[in-house]
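Each of the next two complexes has subunit A plus one more chain, namely subunit B in the first and subunit C in the second.
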Partner chain A sequence: MATEHILEVENLVVKYGPIWAVNGTSFFVDDREIVSILGANGAGKTSTLKALSGLIARDGKITFLSKNISKTDAHKIPYLGLTLCPERRGIFPDMSVEDNLLMGAYTIRKNKKMIRQNTEKVYGLFERLAERRKQLSGTLSGGEQQMLAIGRALMNEPKLLMLDEPSLGLSPKLVDFIFDSLKAINKSGTAILLVEQNAMVATEISNRIYVMQNGRFALSGNAKEIDFQTLKMKYLGG
Partner chain B sequence: MKKYLWFTPFVLVPLPFLGYPFLISIFVLIGIYTIAAIGMDILTTWAGQISLGNAAFFAIGAYTSAIMIVNFHIPFLIAFLVSGFLSMLIGILVGLPALRVSGFYLAVVTMAFGIAIQQIIGVFQITGGYNGIRNIPAPSFWIFKASNPIYQYYIVLFIIFLAFVIISRVSFSKSGLALFAMRDSEIAATAFGVNLLKYKLAAFASSAALTGFAGSLYASAIGFISPSQFDLTLSLDLLAIVIVGGAGSVIGVMIGAAFFVGLPFLLSGYNFSITIIQGIALILILLFLPKGLVQAFKIGKVRKKA
Partner chain C sequence: MIFQQIIAGIITGALYAIVALGLVIAYKVTGVMNFAYGYMGMISAYIFFTCFSVIGMNYIFAFLISVAFGAFVSYAVERGLLRPVRNISPASMVIITLGLLLLLEGIALQVWGNNYQQIPNLLNGLPLILKFSGGIIVIPQQNLLILGLVTGVIIALILYLNLTFQGKAMRAVAQNEEVSKLMGINSSLMMSISWIISGAIGSLAAVLVAPQTFVYPDMMLSLQIMGFTAAVLGGFESIPGSIIGGISIGVIENLVGTYISTNLKTTFSLAIIVAILLIKPEGLLGSAKARRV
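This part shows the complex of A and B:
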């Protein structure tokens, strides 16, 4: 086991005015790991991811690849290899599938060869996108949009991919497909930090999980050893 | 080169009307509004920002140019460049609040700016107060000395062409893509490395600069400016030109400007209210051509494909 975590968060605090959304959490992600943060609505999961990617004001110490990024501007973070796939997909609806992917490669825009390679990789992973490369992405189905969002996030070759609720609004079959893809992405060397409400599927693919409640971790541990009864209790506010 | 060819007819348009300078000066006016509306188009359709204060940039351009020419006898070309530049600087200042507010709130902030500038112009001596500035000479530089509006026409056309070339180059670049991304989803754009500060300010700067250039041309073409010409209606007209003509297309904006500026002249000989006609036309256009008048010209092409 490597002692060097690729992401290490100490005492993360996110406040919206007087409300504390994240209340001093500490966690880490190791290389090639899948880590899930689970929890009910309003537990502070999305705020955690937004804080890590610099989109909202945050306190605490965030170290990514031995670099302190707790004060780094949001638009500089993807350059480091830490990429967020935002909640509700956040695709660019008035741009074609191909342009969305190009936009995902914005940080490596000078490297045409790498962009071409990554585009092929994404089309290989999600064949549906290849069929629709010229289509306006706003006209894609929910599942296709999620594929596009994940594919776009892969374009700048993240070391750690952060996903916010990839199962949102998808049918069970599509959820399985998306999570299988995440497993494949992880196999090829990308660590994944997943935020999910769907605890069952997330636990299945994760190495470790954290359960969040009112801005704090109520439970954490190895995904295989977690007791579902306790998980359920924490979820429901026990 | 091919995509620039549609411009050639506009070079020839005024030739049959050489004997009718009044008609050509209407074309000039349409062109000036086109330049200002392209500025609005960049801000709204491209960057997804809204401004109800672009009349202020028009006024800043017009007054800077007029004061320099009338009071200090500075050549038109220099006054023209300075007015665009000054407008751009102020545009950057106005863009700053856009980093914090968006949508309706940004509309109100920019509207307040527009009204404030109009009032400020009204109280100063150098701007001629509410009486404005009179007898601004027609634009002239180098060989273009005559006051014949045909020269103005080509100056204006050249600037529109320049704007079009720059726009079409940027729109296929990574910067253009980043701008569209910002418009579609600010969070996702940031998450993929787009510096919103840079792009928002660039959008406001280029919008203000174009509008300022238009203002400078306007002052010299009309020869008289006063604060009342640069009210909220002008800002709204610029927005309406973009929407009615066809957002995101230079030819669309030209059509929109022709509709808003040319139509009143066309109907001035008749005895009915232009406001009513324009109002009805506006509703019909939005109902049947939601992408603007430019849509009507593309129908043929679309059908051919099918």
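This part shows the complex of A and C:
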């Protein structure tokens, strides 16, 4: 089978009033790939992911699994197999770990068996969550909350998992753990679109990267071929 | 005597509690403090009066129609008046509910006039009499009905929010609307459902209290104020808090009315509540956690 892009974005534009956050970007993600969008604060990375998940108004053409989703409402997008794990984790603090995961399974709520299986899969991936399944998620540590956010996003078995800054506010050790988990998730067949300020760890696990600057891609290419020092000096502010 | 007053206070408090509950559920999910809440219930009481006393319908049937009507009005208010300005100006949503209060009062005056209309109790049988060594407690059947219905509504609501998938999804929307959409939850539908529940509860409270207050445009004024107070006392975000808040206010009010002064009962109770809030500003069951922006 020819490699077909599972996600294809053409000329994406996001505006906040007169401010252009994303200025006509085009990119794609292939099946089973890990793609990272890197860039400094305010480059337009989060806006890109929010646009893809339908949370904000956007122009341009977004095709996911051969379906045009440029006008699709946010709550319909996870049904298609495209899920965003949001910036700052966005867990539901007044709910238990288990109920948070259950909310991630909202799109498959009729299928109790699948929910049970996926919950066990998530607990297998993040054992810390299994130990705390009855605990209110607002009382979890930052790292555990990030695991919960990722686990929750996996509950409906997305084809493409988008993650916004999963390394934010975590210790280097935890960052390594989270990124190892992402590699494992990818191995089991989920494509990943990652947005990161932590360029080094992201580049390490990615197949391809895009570097964003002022709403445009300044650089893109195979992660193995990018000269990391130039990348850092030139685009990411040292 | 004191037991009698406490029981009476619990009954009044139960009504405050469900008004508080109706306000809180709409507030938690949509973030709007509905100042027209009591007056929306008042319209339902008039609908009940019209169906039962004017048209001559069966009591239960009229009751159900008025509650369904209240639920519909509430849905229409949220969808038609509040939703369009939701993303433009959250503050103006509160002003809209204040405007709605005046509008509903005006409509009631125009349609039904300024007379006090009477509606009968559903249950008029012999009151329940409990005798024991410390004295005697008399509870009218209508009050037992109020207590029963309120308890039923509270239990049903708590079960819905904590045990059903949809109820949990509604709590998810209340905690983080944007993230709930990422889960595939239709947050706009959840908002509508929360207002439908809230409206039905408000109408229920109005129809239950109507035999005591009579039906007139301002009939719900005191219930609305006390409902708000109960919600604030409970922490405004907490459902158990609203219930405890409502019942405490009802009991305090009745005890003050009996042992201190009937004229001062509202003033005194509100003063006590201010004192409680000075000591515990987040409310009895509210959380003091700082909110991140």
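One rule holds in what follows: the second predicted complex is superposed on the first by the 230 of 238 C-alpha atoms of A that agree within 3 Å, B and C clash if a C-alpha of one lies under 4 Å from a C-alpha of the other, contacts with A are read in each partner's own complex, and residues count from 1 in each chain.
Here is the rule we go by: contacts are C-beta pairs under 8 Å (C-beta built on N, C-alpha and C of every residue); 3 or more make two chains touch, one makes a residue touch a chain.
Worth saying up front: this structure is predicted, and the values here are computed from it rather than measured.
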{"item": "Three-chain arrangement built on subunit A, subunit B and subunit C clash or fit", "value": "clash"}
{"item": "Subunit B versus subunit C as contact partner of A:Ala40, first or second or both or neither", "value": "neither"}
{"item": "Touched partner set for A:Lys76, first subunit B, second subunit C, both or neither", "value": "both"}
{"item": "Touching partner for A:Ala130 - first (subunit B), second (subunit C), both, neither", "value": "neither"}
{"item": "Contacts of A:Ile205 with subunit B and subunit C, given as first, second, both or neither", "value": "neither"}
{"item": "Partner chain in contact with A:Met103 - subunit B first, subunit C second, else both or neither", "value": "both"}
{"item": "Partner chain in contact with A:Met114 - subunit B first, subunit C second, else both or neither", "value": "neither"}
{"item": "Partner chain(s) touched by A:Gly90 [first = subunit B, second = subunit C, both, neither]", "value": "both"}
{"item": "Common interface residues of subunit A - those touching subunit B in one complex and subunit C in the other", "value": "53-55, 74-76, 78-79, 83-84, 86, 90-95, 99, 102-104, 106-107, 109, 152, 156"}
{"item": "Subunit B-facing residues of subunit A, complex", "value": "53-55, 73-76, 78-79, 83-86, 90-95, 99, 102-104, 106-107, 109, 152, 156"}
{"item": "Residue ranges of subunit B in contact with subunit A within the complex", "value": "174, 177-178, 180-181, 183-185, 187-196"}
{"item": "Subunit A residues within the subunit C interface of the complex", "value": "53-55, 74-79, 83-84, 86, 90-95, 99, 102-104, 106-107, 109, 138, 152-153, 156"}
{"item": "Footprint of subunit A on subunit C - complex, ascending", "value": "165, 168-169, 171-172, 175-176, 178-187, 289"}
